[in-house]
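In what comes next, chain A is part of two complexes: it sits with chain B in the first one and with chain C in the second one.
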Partner chain A sequence: MHSDRASLKLKIAAAAGLLFLHLPIALIFVYAFTTEEKSFQWPPPGYTLKWFAATWNRPDVWEAMALSLKVAAISTLLAMILGTLCAAAVSRTKFFGRESISLLVILPIALPGVVTGIALRSAFSIAEVPFSTWTIVLGHATFCVVIVYNNAVARFRRTSGSLIEASMDLGANLFQTLRHVILPNIATALVVGGMLAFALSFDEVIVTTFTAGQQQTLPIWMLEELVRPRERPVTNVVAMVVVLVTLLPILGAYYLTRGTEAVAGQGK
Partner chain B sequence: MPAVSFDHVSRHFGAVKAVDDVILDIAEGEFFAMLGPSGSGKTTCLRLIAGFERPTGGDIRIFGAPVADLPPYKRQVNTVFQDYALFPHLNVRDNVAYGLMIAGRGKRERHAEAEAALEMVRLGGYGSRKPSELSGGQRQRVALARALVNKPRVLLLDEPLGALDLKLREQMQEELKTLQRQLGITFVFVTHDQGEALSMADRVAVFNDGKIIQVGSPEDIYFRPEVPFVADFVGSSNVLPEALVARLTGETCPAAIRPERLRLAPEGPLKARVTGLSFLGLSTRVSFDAEGTRLTALLPQDVARPREGDEVALTWAPEDLHLMRASERAGQQVGQRVGA
Partner chain C sequence: MADTHPSAQAGPSEGLLTRVSDTLWRRPTLLLLILLTPPALWLGIIYLGSLFALLLQSFFSIDHFTGLINHEITLATYAELFTPANFDIIRRTVGMATIVTLASAVIAFPIAYYAARYAKGAWRAIFYLGIMMPLWSSYLVKVYAWKLILAKEGILTWIFEWLHLTWLLDAYLALPVIGGNSLSVSPTGTFLVFVYVWLPYMVLPIQAALERVPGSMLEASGDLGATPAQTFRHVLLPLALPGVIAGSIFTFSLTLGDYIIPQIIGTSRLFIGQAVYQHQGIAGNIPLAAAFAVVPIVIMGVYLWIAKRMGAFDAL
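What follows is the complex of A and B.
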């Protein structure tokens, strides 16, 4: 029989695992409060809140933050439209090449970001598209679509096809069926997909380096900042913000997908 | 005027003739069963009436009006789906009220009507539950209430009892029949269960390979099958081949005889060897090999049972041997317009 209490060894192992995963992140947080600004010295010689004020007054931080939010928002929106339509087509109808399409849609997330980045960069230069916010958005959309698609396709598969027929049988036309039956049934999947896509886009570095021109998203700004030994703790403050901005949607997605079995899997 | 009429209706999927040149009239207020093995076209016929499929040939009318160009949401028919298709995101009351909501009825009115429909299927007070909290039989009733609340002129039921266990199924058969009598709505019921079709329906259409093989009352179908397929599919009648019938009666067609009408006798027209016995409770089922034809008899328990391997003689009353003269037309349309 299993004992209810874990053995001491097991507890130590679990603690070690958690520390290994999270101690570095905790260090980043601690250094945001250090009084020493040129090198990361341990233990910090003193603690201060002045870097929060310093960050607040840095226009470059605000610019990078605004760009990141804008890019993440637009790519998420784009991905939600394209990903959902694609998922609907793949799971609701049968056509020639359907299997290949579902593989091709998932491929971008399997490819290393460097490959996607280089491919997009050369494609943009062949097509003579100047680098701008929109090239970053396109780059991010490639993997955001996959996230939304995966969530939506799983939900469509679990939703019985006869629900749509039942709705039409009860007098609803296509638009009413979309509004009263299809959207409510896939809503949580869409929101979850959107949140994960947003979080992915917000901290993306590799594809962004290849598709951004002179503009800096927040992660790119942080990379640049690490090289310069001035006001280093500002980077740590920004890092805290990034962690929060990406963690919240992921937590939200986690709570929303809990217990959705009861929502979607009825028909069969 | 028939409630539903099929005039040479076909639905072909490429080379597959799911429904092939069906002629059929279903009368108003009738409980009509479409019976057949899977893939025989009965469900496609139902979907043609509902509007989920369009015929590739022929003409379907509902109460005299051609419906070829009407989408499902413009037809005065409602369907009870095989998997019930209850909306998982709505509670029971909103599921039942869905059709009324789409029709633009006010919230209070439609909730009252939904509650009344739930009372009718003995689910009063279940309105605020989610479909996932109900048992299979209860979901089935909700699906029924959701269709009936719209006061359809024809109710279509696609194997609605298939997912229920035997006891519940028998109970629902009774309830459906009572409900249909009360409401007077035309019910069109698809099933592959011959017992279900015979016990519930006013008339039965037997389907095979996309065609209607025979239409008639349950008694017709059971006692007077027109072709061997019907005799065999509906309650496993014994089919005597043409040669045997020719020797026994001089007629040149196959014949059917119900297992319960075969009797053992010291002398009889047909010699047979007993190949198996099984005890069924009310009766004993005995299998025979009669000159190369497999036959089954149901013997009452008060009759002396033969033993396996015994050579016996079989006899029957002349009127119990049903000659299937229509079988030279087997495979053709024999369900002519009747009754409607």
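What follows is the complex of A and C.
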């Protein structure tokens, strides 16, 4: 313990832990190329690219993908507006009920998804709201707010209040200050929050099963395939594509928050 | 500050904006109200309203002959939770959440410790991404990957064959309680997938807690004659405990509420999440589903209260 080098045991345990986290995902990439159709046979009997073409020609996959992208885009936009407003209010001033507001924002992600899901569903049934794309968006935006909020609040805290006062003292009005001082300061935090919210929404399945009705987002499509497999090779390819699509925002978020105190991924 | 604001110098086209701006600057409460109203309305009405609707439903009951919901306030639905079959579901879920949490803590600790204390430069980035990428990878894809791994014809069986240890796997699967026909339909399978999927949630808070432990403190412990095991037991672990508890909040809560993993990998015995899903769906027994959903809320409420008293939130 009193040297600056890790003991061999610790190195092995840490490396084994990281491998445990990554090997299963790597396996997805191998299975996307397998020639085996009926089972999950290992090692794959052969490799082929034909399932990529087969997946490309599946309209249901495209529809699910389009719905997922649409829902994620709208939810992210709503979450960015609501989360930023909330973060601005909470970090700038102290007021009665401030703690309750932070709790309220965190609650949708702190409680199990099945609770949020069935709560929304019973509310829809009581209010007689028919299921649509908008009911999915309603659920997603609710739990995405916290992601944007967390990133924005951390940045607001580091942005000095005197900067805003200086801007006002120098003759800028509130809107000019917002445009030229506040926004440039919080921009990367907002982009990072937005990207993570997008990734979260794109991937969400538990709440969505309660709020989607008959529509299929990509995760719902995958869930159907997992429960009642129809064409396994197509599922393999979709799984690989989903991994790649969700990784892009994460790498982007990492790139943007590099060197600052790490905020990416907090509070998922 | 607002008094020195030279609003008179603004151009005529900006007159209105400037006046609005001045008003907001002088009356911060108004500004606060404008900032806070949209998110408070959204979360207050949509989310809290829904939670309230859920709570209300759990006090209704279902008429078992007609299948209609009786809108009188009663505790009968909650009493149903304590019938042997339903209570078994709760016990099974809480038991699974407990062992998943313990296993995650054990596996996460070395990763977090190495990342916090030894990873420097490029290794630091590798560890950071190495934990972040699995955390943010698609949940369903991760579950699917384990279906591939645990399948009877899958890679794990192949590895056991290759090591000539098939007998060991068979003996393990023949065990009562934890075994099954194959790993993908055994409680062990469910356990493995839960640990895998929630592990990053445990690593991050432990790492955050360990990063605050100065290396000199561990050296001091060694200099004063403690063996590495003693240092771990009496210095490192107590300091890391708030992080472990913070991580356990995630792993415990997420396991309690999950219904997809046990549905895809595991036996046909239900977990709380599955019970909620089935009662509201096929059975149409929304009051019982609601009552089941209140169980994790109550358990997590108690858990958070204890965690708060042990100082876990300082590590988040």
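Please note the rule applied: the second predicted complex is superposed on the first by the 240 of 268 C-alpha atoms of A that agree within 3 Å, B and C clash if a C-alpha of one lies under 4 Å from a C-alpha of the other, contacts with A are read in each partner's own complex, and residues count from 1 in each chain.
Everything below uses one rule, namely that contacts are C-beta pairs under 8 Å (C-beta built on N, C-alpha and C of every residue); 3 or more make two chains touch, one makes a residue touch a chain.
Predicted model only: the values in this text are computed from it and were never measured.
Peer 1: Would you sort A:129 into first (chain B), second (chain C), both or neither based on which partner it touches?
Peer 2: neither
Peer 1: Between chain B and chain C, whom does A:6 touch in the aligned arrangement: first, second, both, or neither?
Peer 2: The second partner, chain C, only.
Peer 1: With the two complexes superposed on chain A, say which partner A:191 touches: chain B (first), chain C (second), both, or neither.
Peer 2: neither
Peer 1: Of the two partners chain B and chain C, which one touches more residues belonging to chain A?
Peer 2: Looking at chain A, the partner in contact with more of its residues is C.
Peer 1: Answer with first, second, both or neither: which of chain B and chain C does A:107 touch in the superposed model?
Peer 2: The second partner, chain C, only.
Peer 1: Which of the two partners, first being chain B and second being chain C, lies in contact with A:73: first, second, both, or neither?
Peer 2: neither
Peer 1: May I ask you to decide whether A:173 touches chain B, chain C, both, or neither, giving the answer as first, second, both or neither?
Peer 2: both
Peer 1: With the two complexes superposed on chain A, say which partner A:256 touches: chain B (first), chain C (second), both, or neither.
Peer 2: Touch partners of A:256: none, neither chain B nor chain C.
Peer 1: If we overlay the two complexes on their shared chain A, which of chain B and chain C does A:163 touch? Say first, second, both or neither.
Peer 2: So A:163 only meets chain B here.
Peer 1: Output check: A:219 vs chain B and chain C. Expected answer is one of first, second, both, neither. What do you get?
Peer 2: Touch partner of A:219: chain C, not chain B.
Peer 1: Shared contact residues on chain A for chain B and chain C?
Peer 2: Shared contact residues on chain A: 165, 168-169, 171, 173, 262, 264-266, 268.
Peer 1: Enumerate the contact residues on chain A facing chain B in the complex.
Peer 2: Touching chain B from chain A are residues 160, 162-163, 165-173, 176, 180-181, 184-185, 262-268.
Peer 1: Can you tell me which positions in chain A touch chain C when the two form their complex?
Peer 2: So the residues of chain A touching chain C come out as 1-2, 4-7, 10-11, 13-14, 17-18, 20-22, 24-25, 27-28, 31, 39-43, 81-83, 85-86, 88-89, 92-93, 95, 101, 104-105, 107-108, 110-116, 118-123, 125-126, 138, 141-142, 145, 165, 168-169, 171, 173-175, 196, 199, 203, 205-206, 209-210, 219, 222-223, 226-227, 235, 239, 242-243, 246-247, 249-251, 254, 258, 262, 264-266, 268.
Peer 1: Over in the complex, which chain B residues touch chain A? Could you list them?
Peer 2: Its residues touching chain A are 50-52, 71-73, 77-79, 81-89, 98-99, 101-103, 130-132, 146-147, 150.
Peer 1: Provide the residue numbers of chain C that touch chain A in the complex, in ascending order.
Peer 2: The touching residues are 1-2, 4-7, 9-10, 14, 17-18, 20-22, 24-25, 28, 32, 35-36, 38-40, 42-44, 46-51, 53-54, 57, 107-108, 110-111, 113-115, 117-118, 125, 127-149, 151, 153-155, 157-158, 196, 199-201, 203-204, 215, 218-219, 221-223, 228, 231, 253-254, 256-260, 263-264, 272-273, 276-277, 280, 286, 289-290, 293, 296-297, 300.
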